[in-house]
Amino acid sequence: MTIRVTVWGENVHEQKNRVVAEIYPKTMHGTIAEALNRQDGITATTATLQDPEHGMTAERLAETDVLIWWGHAAHGDVSDAVTERVAEAVWSGMGMIFLHSAHFAKPFKRLMGTPCNLSWREAGERERIWVTSRQHPIARGIPDHFELENEEMYGEPFGVPEPMETVFVSWFQGGEVFRSGLTWRRGAGNVFYFRPGHETYPTYHQPLVQQVIANAVRWAHNPEARLVDPTDAPNRPVAQALEPIVERGPRLHHDGEAGYR
Amino acid sequence: MTIRVTVWGENVHEQKNRVVAEIYPKTMHGTIAEALNRQDGITATTATLQDPEHGMTAERLAETDVLIWWGHAAHGDVSDAVTERVAEAVWSGMGMIFLHSAHFAKPFKRLMGTPCNLSWREAGERERIWVTSRQHPIARGIPDHFELENEEMYGEPFGVPEPMETVFVSWFQGGEVFRSGLTWRRGAGNVFYFRPGHETYPTYHQPLVQQVIANAVRWAHNPEARLVDPTDAPNRPVAQALEPIVERGPRLHHDGEAGYR
Amino acid sequence: MTIRVTVWGENVHEQKNRVVAEIYPKTMHGTIAEALNRQDGITATTATLQDPEHGMTAERLAETDVLIWWGHAAHGDVSDAVTERVAEAVWSGMGMIFLHSAHFAKPFKRLMGTPCNLSWREAGERERIWVTSRQHPIARGIPDHFELENEEMYGEPFGVPEPMETVFVSWFQGGEVFRSGLTWRRGAGNVFYFRPGHETYPTYHQPLVQQVIANAVRWAHNPEARLVDPTDAPNRPVAQALEPIVERGPRLHHDGEAGYR
Amino acid sequence: MTIRVTVWGENVHEQKNRVVAEIYPKTMHGTIAEALNRQDGITATTATLQDPEHGMTAERLAETDVLIWWGHAAHGDVSDAVTERVAEAVWSGMGMIFLHSAHFAKPFKRLMGTPCNLSWREAGERERIWVTSRQHPIARGIPDHFELENEEMYGEPFGVPEPMETVFVSWFQGGEVFRSGLTWRRGAGNVFYFRPGHETYPTYHQPLVQQVIANAVRWAHNPEARLVDPTDAPNRPVAQALEPIVERGPRLHHDGEAGYR
């Protein structure tokens, strides 16, 4: 079975910033997708903010097993409708990976229910990423630690809910730490946040970073059929109760009436 | 120290539905607040949907240690601005308790990041609530189980994130089960969901239900000072780095510039 | 890749109790293994308490990807050495599934760190198992609920740590509830507890029960290489520190000395 | 209400090692207890390995609301009987705090169900402890980070189960990170692990370290009555079933018989 990945890129700094354009001549999302396409069993395509509906139509989401999201300068330009549609796809079973500055992406904040804030410093300092959960599928083939010689610093506290699992924790040269690989489940969808990837450094060309992302794709993929009714709240009529019961007391709702939302 | 509770009531069915008005002549929120005011160390007041800004002004939230929320017929009438203000108060450290049909309240969905859906049946059937976490502070004084002879059924799956703790699980006469007491932490705020409380039954007059709510108030109360900056993402300049570092590589941001949001 | 399963059976009541022997003429573990062997990609064998070292030699554990454990009458006959060896295999990455009365098995208590107690009643009553986590891999192909017409009752509180995920919750005819499908991770090993399976009922002949067990095998299987040093606590000498540091202050340990355990 | 704390010290290096004796002339446990006794509402006493039954008699545990444990050189000298008695007290509701090298203490390993291993280096290097959960009761009065100029390094992976909450993460000068403040619940007992405290450095004289320990005492304290039967598995006879049921099918157990353990 092939896992169909869509890599969503904001595609702003690649167009406007010379440094970013030189590091990522094929764009950041293009670079990530290209690396994934070298993996067995993964097919990756891209979508961007500038596409109609940001490339996130219902059809596209239905054909996406795992969505990867990178954004930074234009979080606010993502529409509320697309944000909600993406969240609903996750609840239905689509896997989702948020990269680096996507901690402030609208779909991430929507799925977490928290501010998703952190402290930061742009100094090209050393980051060392430690595996905290040995033999976790997302750490497959990753040594006990690896280094990124130039990265933006993100520091704790990271304003997210307690994760299901902590897979990586980062050390920074300037003295901070960060939980840089975290998992959650939202509805039927697996969610992973991975910290590295500031656009002025060649992070997504790094083979171990590419490996983590490919691992996360396999981990996040839920092979079950997508839920068609992820927000449905079905009424179970008395007549169809699994154990025989007799209706008692007053009611608000008429037979067959939908519940309040 | 006295815990300041605000009981928020939608206050719709008490005004429109004769059955509800007879069961709760002092309104549902009024009944809950009255029971809390009989507890040592708790002072409870009320607010309703019909109040200006639904009674949820910044000042009111700042003076609320724990907010209790009951809504059903008019979830959609709660403004987005108030929803966000309530969520921000929780992230800052306000405790929050959602009751029964508030599973679909906008602040609950905002804090959970999931659909918060369930199945339901309005038949006045028996609910038996089991304690799953012995000696949990929210179960103080509660026997290993207790019964509500007439309640609305809520059935699994309950569309919420995995909780921090499962405190109660309910058995229903018609054959369903439900995780009816769940805890989460969102930012600095403690969140509790408690299932019982359909408006056509006298549930909030029940002493054990009142006891659970009072226990939950004490559990949810965070005595620490409220965070003033729950969504802030501070820059840590190179010059103030805790370990001496030298800036390397290109930058996107100028000194003192705020990050993208 | 084929997943190698060992089904461990206590094999006491099948030999001594006529009812059990009639329901399970091929033994309980034999029945479970036979069902697994009908699945694609799974090869199951059996081991019993009566085998030398209970069949749980280091070699056997090294060749077991997922171990399934059923015991009841003779928990105390399992040696401490085997218990520890099994726990260590789990920490190394072996998946493990505990069935029904194995809630009191020594390896389960060792891995949980809690009493693992519950209430119980042997009355052949109806159990209805509800899926609480839609589209979870362990619930693959399972409808929103299914029934076992005759089962032993297990009731809450279940004395285990908060799980990573709650996959199933059971309703019992006599009025109790039970979290009947729970996941944990212990070291590199995935652990699942599944409630049904009292030996005087034909539960393990039930296709949906067999399906859950097969699903759980696939979920529990960690394809990563088994850790060779799951309990190792390595010293990181100053001379090999990743950042240059100078030793300061007094020391307890000499160079190359192992830490205290 | 006064919280009764017992600080358990191994009391080996204070007697044998000149450096430790000079830093802690009143012993490590004595120093910790003395600091706690300066706090309102806390009364702390001490017990040591050398006391009869290591000072951990049933009576002493019954009078201990929160037990603090420090050990290092003599973990193996703690008897299995005392280990089990301590674990049972935790399940009954006693709070427990494990300090530093107690990650390998027998009661900690018993309660975690995992190896509890880590990497280490004794070089007197700088540790910087970051708060990851703002306004958590255990972080009360603690700034966003604080430093210990000389500490032993503990590095990830830390072989423990996923915690309920991550409260602190440490940065080390030599390049490692460690989740240094973690919470769990085991039965009715709250458990906290706090990393700092190598015996050759004056860590327990540090006011912020003392503050964290006092905070953790208040957090760990469960004011509910201690469970008298934390490992009990009660039978619920058919005649006393909460819903009327008729016994069906064969039974293993006679009326009133205890279950297998």
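Per-chain residue numbering starts at 1, and chain names A, B, C and D are given in the order in which the chains are listed.
The definition used in the following text is that a contact is a pair of C-beta atoms (placed from the backbone, for glycine too) under 8 Å apart; a residue touches a chain by one contact, two chains touch by 3 or more.
Predicted model, so just to flag it, every value in this text is computed and none were measured.
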{"item": "Neighbouring chains common to subunit B and subunit D, by label", "value": "A, C"}
{"item": "A-C, B-C or A-D - pair sharing over half of the B-D contact pairs", "value": "A-C"}
{"item": "Copies subunit B and subunit A - interface residue numbers shared by over half, same or different", "value": "same"}
{"item": "From subunit A, the most remote chain by mean C-alpha position", "value": "D"}
{"item": "Relative orientation of copies subunit A and subunit D, as a Cα rotation angle in degrees, nearest 5", "value": "180"}
{"item": "Subunit A-subunit D separation of Cα centroids, rounded to whole Å", "value": "36"}
{"item": "Whole-Å gap between the CA centroids of subunit C and subunit D", "value": "27"}
{"item": "Between subunit A and subunit C, centroid-to-centroid distance (C-alpha), Å", "value": "31"}
{"item": "Residues of subunit D touching at least two other chains", "value": "128, 133-134, 155, 162, 164-165, 175-176, 185, 187, 242"}
{"item": "Contacting residues of subunit A [partner subunit D, same complex]", "value": "128, 130-134, 144, 155-158, 162, 164-166, 169-172, 175-177, 179"}
{"item": "Residues of subunit D touching subunit B in the complex", "value": "93, 128, 133-137, 140, 145, 164-165, 185, 187-188, 222-225, 227, 242"}
{"item": "Complex contacts: residues of subunit A adjacent to subunit B", "value": "13, 17, 19, 72-76, 87, 91, 101, 104, 110-115, 117-125, 150, 153, 155, 159, 161-162, 164, 173-176, 184-187, 199-201, 230-238, 241-243, 245-253, 259-261"}
